[in-house]
Amino acid sequence: MGNFPILSFITFLPIVGMIIILCLPKNQTLVMKSITLVITGIQVILAGFLLYHYNYGMGGINNPATFQYIEKFRWIEISGFSWIGKIKIDYFLGIDGLSIPMVLLTAIISFVATLASWKIDKAVKGYFALYLLLVTGMMGVFVALDFFLFYVFWELMLLPMYFLIGIWGGPRREYAAIKFFLYTLLGSVFILLVVIGLYFSTMETMIDGTKVFTFNMLSMMDTHNFVATGILSPMNPHNLRFIAYIALFIGFAIKIPMFPFHTWLPDAHVEAPTAISVILAGVLLKMGTYGILRVCYPVFPDITQKMIWWIAAFGMINIIYGALCAMAQKDFKRLIAYSSISHMGYVMLGMASLNSIGISGAVLQMFNHGTITAMLFIIVGIIYDRAHTREIDAFGGLATQMPIYTGFTTLAFFAAIGLPGLSGFISETFVFLGGFAFETIRVITVISTLGILLGAGYMLWTLQRIYLGTVPEKWKVLKDLDFREYAMLVPLSIIIIFLGVYPSSMLNLMNSSVNAMVKFMMDSKALYGSITGF
Amino acid sequence: MTEFNLIQIAIAILFLPLVGFAFVLFLGKKIKSAYLVEVGILILTFLLTAVLLFNKLYWFADKNIVSEFSWISYKNIAVFGNISIDLGFLLDNLSVIMIFTVALISMLVHIFSIAYMAGDKLYNRYFAYLGLFTFSMSGIVLTHNILMMYVFWELVGISSYLLIGFWYEKKSAPDAGKKAFLVNRIGDIGMFSGIMMLFNTYHTFTFEKIFAQMASGTLPFNSEFWLTVTGLLLFCGAIGKSAQFPLHVWLPDAMEGPTPVSALIHAATMVAAGVFLVCRIFPMLTGDALFIIAVIGALSALIPATIALTQNDIKKVLAYSTVSQLGYMVMALGVGAYKFAFFHLITHAFFKACLFLGSGSVIHAMHHEQDITKMGGLKKKLPLTYATFLIASLALSGIPLTSGFLSKDGILQGTFAFGSLTGYWLFPAVGFVVAMLTAFYMFRLIILTFHGEPKNKEKYDHAHESPFVMAMPLVVLSALSIFIWYTPNPINADAGLFLGKWIKTPSLSVPQNARYSFMKTDLVPEGKAENNRDISNEVKKEGTAEGKEVIYSEAYTEAMHHAHYPAMFLSLFVALTGIVFAFVFYYWKKISADKLARDIKPFYKLSFNKWYFDEIYNATFVTFTMLSSRVLAWFDNTIVDGIVNGAATVTRMISFFTGRFDNIVVDGLVNLMAYLSGFIGLVLRRFQTGRVQTYIVLVVFSLVIILYLFKTF
Amino acid sequence: MNINYLLNSLYLIKPEIAISATLVLLVLMDLIMGSNKKLLPYIAIAGLIAASYFSVEQFGMSSLAFVSKANKGMIVTDPFGAFFKGIVVFASFFVIYFSIKSDEIKASFERHGEYYTLIFGMILGMFFMISASDLILIYLSLELVSLSSYVLAGFTKTSQRNSEASLKYVIYGGVSSGIMLFGISILYGITGSTNLYEINSLIQTSSIPNLTFILSGILIFVGIGYKISAVPFHFWTPDVYEGAPITITAFLSVASKAAGFALLIRFIKITFIKSVDSAGYWQLVDIIDWKTFFIFLSIITMTLGNFAALWQDNMKRMLAYSSIAHAGYLLLGMAVLSNQGMIAIIIYFMVYAFMNLGAFFVVMLIANKIGTEDIDDYKGLGYSQPFLGVCLGIFLVSLTGLPPTAGFIGKLYIFIALVDAKMITLAVIALLNSVVSLYYYIRVLRNLFLTRPENGTFEFKVSFSNGLVLVLLAAPVIIFGLYFTPLINIAKSSIQILGF
Amino acid sequence: MIHIGLGHFLFVSSILFSLGIFGVVTRKNAVMVLMGIELMLNASNINFIAFAKYGNFGLQGQVMALFVIVLAAAEAAIALAIVLNIYKTFSTVNVDEIDTLKD
């Protein structure tokens, strides 16, 4: 291993690819696609490498010593302010059990989505350049430990995504792209405000003993680092932690997307090209929940504990509301989009449980939802490529026409409804078990179990309407899968089945971190209680 | 044979069908005869179960063999401590007998299907699904913890879904499959909630550990009430899977699947899984829970029996009969007649499978005609089918010398005893009424199908006896409907090894005061237990030196004893009455069934229309869900997106960007803001007139204002 | 004051001398070469190189030139001035390159000599504006810039909008400088001096009639405010920016504004300062409440600029309003009245020079080909001209102030300076303003990338040299967005103003 | 005999300045507008010279006035050329009519 900066490498490799692609002549589309494929492939290998050398015993969360693959050096340093003193921003990367599943997911989904992009024929150069930029942004969010850096990566995703939807999207792409853009931007503004607020409330002790304000997320988790008078400091009796928490939470919740901030998602999905839908559902949505776990929880453990009922309640609303809305959809892709909303509700519910089982379930559900929904969107894309419509009622009987495709679809659908043996089951079960164990949200958990009924309802109904029955005459021309489509579906299917049968592989990975998180939350209850006296 | 060998065999039994499933699914397209692998695997599996059954019952009859390994484990975590979610086997007499039954019927159904399904274009796929089903079902039976049971529970659900909807091209089949799955999921939610409750209390899923902790006094939320609730929630799973009232509506529809599937899944094994579940969790069911279970069972026994009277579809009649019989078993469990419930489960599995396969044979012969009013006189054409069908029907009706007589009698005896002890005479009453109804509709079915004149001459002429592969299973199953396999004494089931030695009521873990009064432990002196052979079976050795824990009080044993003969004769009487009535109506035609139907039209219609359950559910739950989904989708599009999130603003902004700024949507707070910013822009534009003199006036004017302001600072 | 001293002073104004010499040379060459004027821009560039060399040389210096009496000179040579001269020279380089490429300018080929001469007139004026420490010189240099730019704004004589811009500019500019001159005369009357240092020491020691002093201060500010287009002295900006040739618009928006700000900072700091505290905050003589004045001025400037820009259809006009808004952000740096604020302004200018010049260059390249600056005519440009589209995109994103572009860093530093001065409300207002600005910038992006071209595609090639220049402008916008320590180091060493 | 003091000069210059602005704002003819500007400049000139004389500030004020006169001439020359150009392109010198550039 040595000091090889593997995290920087995995993060910025796509940028290199982007530059190469930008230098290529316009008509070398195959080369561009291959470069993108190779780069994302290398990312998968690097992610595997990370996994191979990962130390399962180190928890991370708030303890910098137990993060792995740390890279830290001074990025920016400005001095000479009055009360601010010195401004320093670190380039600080590292992963723990929360981030490594997400890094893996990002690498895998990026690779698969590259394959899904293969048929792009409009402005190929721009597409793949932006695509690689997007990949860097996503990867960066999951490895950054400096809040400023985190925010930079967070914003970095915004524009590529906007263009990828807006240029290569469907008929109403402009509307969808701007909607996506405005929502996400609104969220980022909230996040930025809190970042600044936190910055001015925490001070880090430097090697020479002086204290400086810091963007270091991990320092923000330690109460000793808070400045007594900081607006977000718990020691300050007039602190604004509650408001800041809400703002930060909404900033992340827009990405999840949490009811009622979810309406950008169906539009964005419907208009986005297949590969971008895959990325959007597979990775981008996870950033919301990841952000909450990475920042909201450990930085504001006091407020989190007060708000836990609300997080669970909104999770429940997402689950049931998303499922019911999905049931009424006529567009296949829109239906899957709403199902995403529903499934992300489980993540929120699991997070709210504040115990190892529930949080493990939530993180596992993030990963599983990533793979399952990616597969579902690929499935929608395959049929859209062939039939140029996504109207559910326009189809029927595809099982006869495209049996192998239907087989994959069935697998994905069953995984989505949480069928045992497939990955979705264990994460949902954990979420429920965790939620039930926490008295505050017990009732909510029980109500949320309705989601598994509704989920099965709309999924099976869709399966029936599109795949079962007799084939209409006009779809008798549809061909079954080709090699490229196999290459996308098979790896995802394998992951789905593997994690269904052997979830420990992923659970062990996050175990230490989840435990550290729970321990931190419990310890902080007493700690914050002694500080603020509530 | 060591215990470890048994576990190895169990592993093989569990996974062989899965291997078959995978093999046939992936290679079915390439290899035309892949199904033979699956059939072969099933035969092998059956042989293994036979070995397992023999060895377990012979060598380890009193021992529960458990083997487990950790699937997911957590060490020292907050709230839960150490958690290990295990995968494991529990081989007790219950499970080995059950697995033997499952494997046997599955094997027979596989063999039967070779001919029955011949020519289907997804022939291999069918066998693959059967393999998946057998795997899942074996899992339910063999597992030692509730979570794994739930896992396999879902898996049988999905294989049932696949098999019901096997002929997916006709609309009704996938509909039925979907309905089956969703109705089952309703029950599963309950079951899952129960599991959450258990896990939350005991931090484990393993039955034995849960019962052990419960016996030492740990209860969900420290209250017996919640223990009752937990038991009932788990029972919800059984309501769904065993098609008990009020979730029984899926089973008749499930007859859309191929008939052998109905025989295997919807008569013999999967639907019995619910009863099996209740058997498994029997130690943790409180008196209150058991009473509610008994009520549900009674209702499930009665209502479908009345419906079966008027149905004309041969498979629907059998389906309602299945629901009714399952209700019987559940009722039996509810009144505490644990052994007889399980006994009936096994006997019913054989004769009901025989009936279904027989009906399959008929349907096959009649070229997929299922309406019994269009059959008749098939006795001559299908003599073997007729004979086996008759034996199974006699068993179902509870005629002596059949296995059904023994088990049904036992159940009626149990309800009788329960009635005498608690005063709830309604249960035995329901039991006898149902027994009569059963005998009636079964013989109605036989008479209309096999006797009389053929009503569809053309099809009748083409009908022919089934080939060997279809006949053989019928013969085997009908043979298993005879008493001799279970007990040497045709009127006393307890005399046999099956009830006498192998199946015992498990000791309860429920606190004493939450049990039925007759199940409270009273310590019996050593000597007395010796005296009474009958109750010695119920006695289980306890670790304490004080004495032996008796599961049932003496009064109960007494009552059972007294109930034996009255119940037997009464049941024989009602069964014969039913048969006679059937002959009167349909064979001798002394009374016109049509006329009677006209005379009691409301009742007839109620029965014929299945008590309108589907209609009521459609009008309420389904409509409500669909309506709320539509309303919510509208709400989402219009209210949430439009007002809360100000998508109207976005639209407006876009139209503004594109230069088509119109005033179509001007409402909502956010729009007001947009309007305001637009207004500011418009006002500012007023100043930029393009006339330089105006600018200078403005400059001078603002200069004056600035000076004024400075003066006042 | 002997001749040696004068010579020493000349030594201190080498950049200005270089510019003057080039100016003269340009006039001569124009006369000599007759019709072949291709060489002129290269002479201009050579002159600029010399000037930039001398400007960089001044970085370490700190002295006064043309001292009238008792150490009160007319021209200051210090790092602060050197930096702004650098910005002016930098902008001039690009503007001259743009001029070579601009079809507008090419059209009046025979008057090229005039064109470059006038540009050098402007540069000379700006240099003096930047380094003047005497009201006489301030007024003269301001007028020199103005007079040259009046002509340049109307350089294409045949175009109606050129002439209109020119007329409006001359009238508006004339009135503004007239008002300023009146202010100067009053200040002269109450202090008896035109030298800023002298005035400073005077107002610190003796009592000054308050109202008159305020009157003179505000009147003088009119002239500066008009140069930096601060609201309410901005009215000329949109009209002139739209009407003038793009090269001149670009020059006005960057160089002229930079010179104006340099003048403003020097005027405020030298004239009114009492002391600078350890944290770098300026203690001003409290006759005029400049702080409040700048706060309100910046708020209305950026707000008005942004809101008015929302409604523009012409790219140049939109950029004009955006430059007003940027003046507002820069005034925020003034409002802080501290060294940090100055650093913020300086960083902002470095960034602003890149992105604004870049944006104007793209606009010019497009105007060269399709002859329009209408935003709606940009539809689909991103498809047929992805390179131009992406570059314009980068510049606009940077102007919006989104990471990871340099524009973000510029804004960020201003926000930090505001927060450091505990002016949170102002920071929030500025933040909201940049959200508003997003809407009109994104509208251009949308036209570039999200819509299909309506009538015909943009069938033309971007030449290699143009591409290179674009990359030279665009790459730093990204690079400085990610690694901006050099910017800060430059800014820190550039805040030294002689005497403090 | 009234003694002419600084106040008188300042009074005259203020009047002149106001008249200048008034002229700039009200005249339609571009040339007249330019004359208004000239008036403003000259108002300042009067100030400079008056202050220099009465305040004993040395020559600075007078020098300034000279500079301003020169600049005013230059400005007038340029402005008139521009007006001439305007007349060529717009065929009018009425500043009110020259308003094609606006929001």
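Here the chain labels run A, B, C and D in written order, and each chain numbers its own residues starting at 1.
One rule holds for everything that comes next: a residue touches a chain if its C-beta (ideal position, glycine included) is under 8 Å from a C-beta of that chain, and two chains touch if they have at least 3 such contacts.
What you see is a predicted model, and the numbers here were worked out from it, not measured in a lab.
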Please find which chain has its CA centre nearest to the centre of all protein CA atoms in view. A
Please state whether A-B or B-C has more C-beta contact pairs across its interface. A-B
Dist(centroid_CA(chain A), centroid_CA(chain B)) in Å evaluates to 38
Just how far, in Å, is the C-alpha centre of chain C from the one of chain B? 81
Between the Cα centroids of chain C and chain D the separation in whole angstrom comes to 27
For chain B versus chain D, what separation do you get between their C-alpha means, in angstrom? 101
Touching two or more other chains, which residues of chain D qualify? 21, 24, 33, 95, 98, 100-103
Among the residues of chain C, which are close enough to touch at least two other chains? 167-168, 171, 175, 179, 238-239, 308, 311, 446
Can you tell me which residues of chain B touch two or more of the remaining chains? 653, 657, 684-685, 688, 690, 692, 696
Can you name every chain pair that touches? A-B, A-C, B-C, B-D, C-D
Within their complex, chain B touches chain C through residues 653, 657, 659, 677-678, 680-682, 684-685, 687-688, 690, 692, 694-696, 698-699, 702-703, 706-707, 710-711, 713
How about chain B: which of its residues touch chain D in the complex? 684-685, 688-693, 696-697, 700
Chain C contact footprint on chain A (complex, rising order): 75-78, 80-84, 87, 123, 125-126, 151-152, 155-156, 158-159, 163, 166-167, 173-174, 177-178, 181, 185, 189, 193, 196, 200
Touching chain C in the complex: which residues of chain D? 13, 17, 20-21, 24, 30, 33-34, 37, 40-41, 43-45, 47-48, 50-51, 55-57, 60-61, 63-64, 67-68, 71, 74-75, 78-79, 81-83, 85-86, 88-90, 95, 98, 100-103
Residues on chain C engaged by chain B in the complex (per definition of touch): 167-168, 171-172, 175-176, 179, 211, 214-215, 218-219, 222, 232-233, 235-236, 238-239, 288-289, 292-293, 304, 307-308, 310-311, 313, 376, 436, 439, 443, 446
